[in-house]
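Here come two complexes built around chain A, the first alongside chain B, the second alongside chain C.
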Partner chain A sequence: MSHAAAIWLLMLLQGTLTALGERTRDKMYEPILGASCFRRLNGTHQTGCSSTYSGSVGVLHLINVEADLEFLLGNPPSPPYAPLIPPHLFTRSNLMRLKEAGPKNISVVLLINNAEKMKQFSHELNCPNQYSGINSSETCDASNPANSWNPWGTGLLHEDFPFPIYYIAEEKEIDKLKDCFEKFNNKNYETHALRSLCAIEVKSFMSAAVNTEVCMRRTNFINNLGGSKYCDPLEGRNVYATVYPRNSTPNAIEGTKTDEKFILVTCRLDTASMFDGVGLGAMDSVVSLAVFTQVANLLRQILPAQSSLPDPRRNVLFVTFNGESYDYIGSQRFVYDMDKLDFPPKSAGGSPIAFENIEFMLDIGTLDDIANIKLHALTGTQLAQKLLEQLNTYAKSPRYGFNVNIQSEMSAHIPPTSAQSFLRRDPKFPALILNARPTNKYYHSIYDDSINVDFVYANTSQDFTQLVEVGDFKTLKAESLQMKVRNISSIVALALYQSLTGQEYTGTKVANPLLADELLYCFLQSADCPLFKASSYPESPTALPLPPMRYISVLGGSQESSGWTYRVLGYLLSQQKKIPKENCTILPLHFFAGYNNTGECRLTTQNYSHALSPAFLIDGYDWASGQYSTWTESTWSQFSARIFLRPSNVHQVTTLSVGIVVLIISFCLVYIISSRSEVLFEDLPASNAALFG
Partner chain B sequence: MTLPEFFGCTFIAFGPPFALFVFTIANDPVRIIILIAAAFFWLLSLLLSSLLWFAMIPLRDVLAFGVFFSVLFQECFRYIIYRILRSTEQGLHAVAEDTRVTDNKHILAYVSGLGFGIISGMFALVNVLADMSGPGTMGLKSGTEIFFITSAAQALSIILLHTFWSVIFFNAFDTSNYLHICYVVGSHLFVSLLTLLNASELYITTLLINYIITIITGVLAFRVAGGTSRGFKKFITCQ
Partner chain C sequence: MDISKAPNPRKLQLCRTYFFAGFAFLPFVWAINVCWFFQEAFRKPPYPEQSQIKRFVIYSAIGTLLWLLVLTAWIVIFQTNRTAWGATADYISFIIPLGSA
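For the complex of A and B:
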C-alpha cells in the first residue's frame, strides 16, 4: 500500500513540474552552423561538391594526425563516415584519397577551423585562369609549381567531389561535434557496427550537373510551365570612374568614337573561396583594391584642371573588374564591349570609348609582397621603359623616402591579372602590370583574411580624405600595411601624374595612409565603417558589422562589394560643388554624407558596367572552345547540417523484428480467439436473457 | 528515426488493434460505424480537454491538471456513448444483418472501446512517429534509444486498456456496479498520471506497471463479459 502511495506522490510531483514544450525532434537533432562547398560548372567540367538529394549522412570521426585517416580508408566498421579534418591535413593528397574511397565509405567531409598547425592553404590552381589568358606556356608552368603564380595551390577548387564539404568556423559548433564524437564514437572501434553512433547529416544538394552546356540547355528547355533553373551564370558589375568628368555630349551621334585619350588603371574586385559566403581575399585582391583607390584619390587631388594639361583630351579611366577569379569575366566583357563600341553602357551616356582611345593600361595585380614589385609587360617597349623610370624616380627619391625598388620583367611570364584579357585580343596592346612575387600561402581561401596581411585597424577618427605631408605617418608604424599601401599608391599616382602632365611632381603631399586604413577595415572587418558611411547618402541605414561579400555570385546575388566600391569611387573621384541638397538629385550630381557627416554635393563620374561573360550573349556559342569564361553556379535549395545519433543496424533490425513478431502473433491470437469465442464465453446466453428479458 | 524503426514501432502499437479490427469488426458494417462514432466521441473529449487547457492559462504548465481533466472528459464521453448506444439498441437490432451485435451487449461495448482506444493510441503515437522521420534516433542530448519502442508499447497498452475499460464500464452501468465504475475511472487516472514519470526517463517502471494494470483490467473485462476460468482452461487445452 505504501508503495502505491509513493508512486502517486511521485506522479503528482512530476505533474507539478513545468512542462517544457519541447518536441521529440528537438531532442534528437542539433543543428550545426557552417558554410558549405557548392558546385560550379564550366564549359567542360563540374567542380565543387554536392550532397545526395535527401542529405548525406556520415558517422563523425575526428582526424588529429594523418594516421587517423587510415582507419577510415582501410575497412571501417560502420561506414559511411564523416571525417572532421583540421586545415593542416586538408591537403590535396588526403582529399584525393578520401575521394577515391568514394561515397560508400566517406559521405561527408568536415573542415574545422583549427588553424594552429596550418602552414599553407590555397585551393586555387598553381596557374590561376590558365586557359583564359594569353596562350603561352611561358606564362605559367603548372608542372613547375615553385615558379608558378600560386606555388602553394592545391587545385582543390577545381576538383569535383562526390561528397559535401562543410566548413565549421565557430568554436562552439566545433565543440559540439567533438563532444559528440568523444561521447559516442571514440571508444571500442570494433563495436561501431553494433552501437548507435554520433553522425552528421549535411544537405547541400546541387541541381546542376555535368557542365555549363548541359545545364544551360536544361534551364532553357521549356518542359513545364513553371520553368526550373538549374544553374546561373556568374554575373556581377564592374565599377569604373574617370578622374575628370567626361564632356557629356548628348547630341553625339551613336557609334561615333571620341577623340579622348585614356590611361586605363585597373584592378580586380572579386575573390574566390571554396565555401559559400566565407573568404575575404585580403592579400589576393583587397590590398590591390586599396592601392587602386588611393591612386584614384591622390591623382584627383594633385592633378591640375583638365584644360591646363599639355593635352587637354587626356583623362584617366579607373576600372575595377568583377569575376576575374573565374577566367576574367569582367575584363573579357569589358574588352568585348569595347570592341563593339558598347562601352560605356548606353544607359551611362557619353560617347563610346574604343581601343584607339587608350594610351596605355596599368593593371594593379596582386601585391603580396609590397617591397618586391615588378612591372610586367609582354614586350619591352619604350612606354614600359618610360613608366618604369618614372615609377623608380619616386620610389627611390630621397624626398619621399619610400625606398622601394621596382624591377621589370618584359616576357610572356605574365601574372594572371585582367591585362591578360586585353593581351589576348591583341598582344601588342600597351598593357603594363604591377605585380609582386607570389608569397600568399592562402591565395583564394578562407584564411586570406586580415591576419594574413597583418592588418591592425588604427581607428584614428581623423580625416582620411585629405592628402598628408610625406613625413606624417598618422601614428602608423612605418612597416604597417597601411604605410606600405600608401607608399606604393603614391609612387604609382605620382608616376601617372608625370605621364599626364609631362612634369615631375614636386609637392610633398602624398596619399593618406588613413584612407588605406579605413578601406582595409571596411573590406576586411566591418562594412559599418567611416569610409562607407561617408560615401553613402546621409542618414542611410547602417551596414552590417561584417565585411562585404566579395565573391562575384550570380544575378540577384548580394553585389555588396561592387556597390560599396561604386560609392567609394564616386566619393573619392568627384569634385565638391556648392549646390544645395534639394538640387543635387540628378546624376552626375550626387549627395554624399561626407567625412564629417555634414553632407556634400559632388559631381561624380563613377558608373557600373555589366560583368557577364560574353559566352552567355553569343548565340550558339561553342562552350568547349575556351574563348570566354563559361562559369556557372548550380542552384540549390538549402545548406544545412545537423548532428544526431544514428541507430545501429542491430537496433533497427531488432525494432522491426519485434514489430513484425507482435503483428503476426496478434493476428494468430485474435483469429483463434474470435473463432473459438463460444468456448471462452460459454455462459453468454444467460446475460443476454437478463438484458432482453 | 529510420524507416525500419518506423515500421517496427507502427507494427508494435497498431498490429494488435489491426488484427482485432480485421477479424472482429471489418466484416460487419454496423460495427465499423460504431467504431468510427466512438472515435469521434473520443475526439470531442480531446477538444474539450484542449479548450480547458487553453482557457486555464496559469495552469497550462501543470501537466497533471490537464491529464486529470482529460481523463474525466474521456470518461464522461464514454458514458455519453453508452447512453446513445443503449437508446439506439432497438433501432440497431432492426437494421443489423448480424444480430449478434445487439444480442450480446458486450460486443457494442467492445467495439466502442476499441474505437476509443485506436484514436487515443493514434494521438499518443502519431506525434512521436511524425517527429521520427529522418535519419536519427533518440539519445543525443537526452532520452534513450528505447524511447520509440516504449512509446509504441505504451500506445498499445492504452488501446487495449480503452477496450477493456469500455467493456467493464458499460456492464457496470447496466448492472449498477459502482465499484467497477470507480475502478475504470481510477485506473484510467492512474495510468495517465503514471506516464508523467516518463519525463524522468523511468520508461521501464511505467511500462511495467502499465502492463500489470492492463492484464488486471483485461482479466476483469473477461470476467465481466462472461468468461470463466473453466472456459479459459477449455480454451487453452483446446477442448
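For the complex of A and C:
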C-alpha cells in the first residue's frame, strides 16, 4: 500500500516538474498589449478604423524617417505591410498616403509611443464642433488654421481608415516588435517574398457601418435574426449643483416656473482621443474643470446666507456638461430639456428652471495660456462690460497680486464651448465665455497629459478644503499650474461674489491651491487620491490607482468621471450639518468621509442630468439635418494584437499543394485496396457477406 | 426508399403527390421528383403508368427551371442593389452583414 502511494507521489512530482505543457498557439504567437482606434458614426459619415472580420495581418516595417515610407508605398515585395510609426511621423499627409495605398498594401498601422521628436499631436479638426455651433463663418475658419480654435489639428479623428490603427504605449511591447522586425524583416528586402517574415495580426472588427441612421435602424430592427447591436449612441451624465440649496416646494404644481434667478456657471466634463481608453484631456478640459470646482468651493465659503443677498431669489447653478467633444451632447440636451421645462429632471424634484430664470451664463472654456484669457460674447452688452470690469478689478488688484489682465472680444469669433448650444437657440442669450488663446498642441489626443500641463503633484497631505490667505502659497511655486488655477478661479469667484452681493470682496482669503493640486492629481494621475476619498462614503472601497476615464462612452460605459465629479461637487458645494450618521441617509443629506476621514453629514445640492443627444429622443429625426449631435459608437467583440512568423507565399502554396496531392493519393489507395479487398479478407463469414454483398 | 421495388401504381401515386406538393411554393420537391423518377420515366422498359409519370417528371422539371430562373434573377438584383435600396433592403433582410453598407 505504502509502495503504491510512494509511486503516485513520485509520478505527481515528476509530472509537475517536466510536463509544463505549452500550447502550439502560445509557441506561435506573442500577444501585444495596446489600445485600438475604433469606429464612430454621425448622421452622415463613419469615422475611425476597423480590422477585417477575422483580423488584419501585415508584415512589420519600422519607419524611422519619412523616406522609409517610400518602400511601402512604391511596390513592396511582400504585401500587405504594417508600418510602425512614431508620433512625429503620424501626420495627416503620411496617413492619407497610407490610406490611398489601400488595404492590399497597408493592412495595419501601428503607432508607437516614442515621443522624442514629437512637436505636436492633435487629431481634432481645426474647428472643433464646427457644424453644431452658431452658424457663422466668423466663428472659426478652417481655411485659416492659424486663426482657428485648434491650429495644430489634423482632423484625422474625423477620417475613415480602411485598416486598424493600434497604439502601443509600453516600452516592453515596442521592444518586442522592434526585435522581431530586426531579426526577420530588416535585411535583404528583395527576398522578402521568399522567406518567413515577422507579422502582426490586429483584431478590431467593427459591426456598424455607413452612418448613424443606418446603424440605428439596423439595431432597432426587430426582425434582426442575429439579435445583434450595431451601434450605441454616445451617452453620459451632466453633473449640476447649486451654491444655495433650492427651496424644495413639494406642493409645486407640475410645470410651474419658479421665480428664482440663476447665474449659470458651466464647463466641459469630457474629452476625446483616437484610441480606446487612452487620453486624459489635461489641458483641454481638466484645467477648466479644476477652475470650475475651485470657483464653486470658494463661492460656497465666502457668500453670505441667501436671505441676506440684496435679491434673495438669486442663486448660482453650476453645470458641467458631458459629451461636449462630440457636438455638444450635454449642453444640447440641457437646452432641449430647459426649453421643455424638463430641467431639473423629475426624479430630482424641485420646480423647473426656464430660460427666463437664467440671469447670465459664464462658460469656462479651455484655459491653455492663463496669461492670455479673454472674455468672449457674441455682442457687446452692458452685462459683459460689467463682468469684465469686475473680473479685472480682482485680476489687477495689488491686494491679491494675481497680475492677470483679462481682455474681451465681442464678436462672432466664439470658442467651441458649451455656450454655443445656448447661443444657437437664441443669439441674444446672455452667454459669456472665458477662454484663452489656443496653445494646446496636443488637443484631444493621447499626449494631453500631466506632462503637457506641467503638473507636479505637491502631495502635502494638508487640508485642501479650507480657504487660505492670498500670500500663502502652500510650498507651491508661483508659476506652478496649481497657483495659476488658484488665481483664475479666485478672480472668477470674486467677480461672481460681487455681482451677487453688489459689494466688493475685501477679504484676503482666496481659493486654496492645494484643492487644485488634489483635483488635478485625481483626474490626471490616480483616482485613489485624498480628494476622491474625502468625497466618498467612509470606508468606501479604494479606487484603482489610475486616472478616471473621461471619454463620454455609451450606456453601460464606465461613467467614472461623472461619478467622481458628482461626489466632489457634492462635497465641496454643500453645508456641514450637525446630524449623526444614522440620521444622515436621505438626500439631500449625504454622509461624506471628509478630508481627515472623520465623517461629515452635509446638506448637498448636486445631481445628474441625462447627456443623451435629443436626436435620439425625437421620433423620425432627420439625421442629416445637423440640428443635434448624432454621434454613435460601433459595437465590437474584441481588441487584440499578436505577432507571429508569417510564412512566405511560396511556402504557403507548397504546403497546400502537398496537402492536395496527399489527399488524391489517399483516395487512389483506398480505391485500389477496396477493389482488391478479397486479397486481404479471404473468407468472409456468411453473416458479414450478407451485409456487404 | 428504393423506388425500383415499389409496384407501378404506387410509383405513379408518389410521383403525382410530389408534383402537386410542389405547388405549395416548394421547388425543391419538384427537383427531387425529377431526380427520383427520371430513371422510371425515361430509362425503364415501357409499362402502362410510365407515360403519366413521364408527364409529371417533365412538368416538375419545367417548374424547377422556372423557379431557378426567378430565384437567380432576384438574388442577382437584390445583391447588386441592396446598398442602394437602403432601408427597404434592410427591412426585407433576415441577416444584415456586419461592418459594411
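Criterion: the second predicted complex is superposed on the first by the 637 of 693 C-alpha atoms of A that agree within 3 Å, B and C clash if a C-alpha of one lies under 4 Å from a C-alpha of the other, contacts with A are read in each partner's own complex, and residues count from 1 in each chain.
Criterion: contacts are C-beta pairs under 8 Å (C-beta built on N, C-alpha and C of every residue); 3 or more make two chains touch, one makes a residue touch a chain.
Just so we're clear, the structure is a prediction, and the values are computed from it rather than from any experiment.
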(message) Per the contact definition in the header, classify A:Y29: touching chain B only (first), chain C only (second), both, or neither.
(response) first
(request) Based on the superposed arrangement, let me know which partner A:V650 touches: chain B (first), chain C (second), both, or neither? (result) neither
(message) Quick check for you: in the superposed arrangement, does A:L669 touch first (chain B), second (chain C), both or neither?
(response) first
(message) For A:G659 in the superposed arrangement: first (chain B), second (chain C), both or neither?
(response) first
(request) Spot which of chain B and chain C makes contact with more residues of chain A, would you? (result) B
(request) Could you tell me if A:A209 is touching chain B, chain C, both of them or neither one (first, second, both, neither)? (result) second
(message) According to the stated criteria, A:L555 is in contact with first (chain B), second (chain C), both, or neither; which is it?
(response) neither
(request) Once the structures are superposed on A, label A:S50 by its partner contacts, choosing first (chain B), second (chain C), both or neither. (result) second
(request) Note which residues of chain C are touching chain A in the complex, please. (result) 86-87, 90-91, 94-96, 98-101
(request) Would you tell me which residues of chain A are touching chain B in their complex? (result) 7-8, 10-12, 14-19, 23-25, 27-30, 55, 57, 180, 196, 198-199, 201, 643-647, 651-660, 662-663, 666-667, 669-671, 674, 676, 679-684, 686-688, 691-692
(message) Could you list, by residue number, the parts of chain A that touch chain C in their complex?
(response) 50, 53, 205-210, 214, 217-218, 221, 223-226, 228, 230, 634
(request) Give every residue of chain B touching chain A within the complex, in rising order. (result) 1-2, 4-5, 7-12, 15-16, 18-20, 22-24, 61-65, 67, 103-106, 127-128, 131-132, 134-143, 145, 147-149, 152, 156, 174, 190, 193-194, 196-197, 199-200, 209, 222, 225-228, 230-232, 234-235, 239
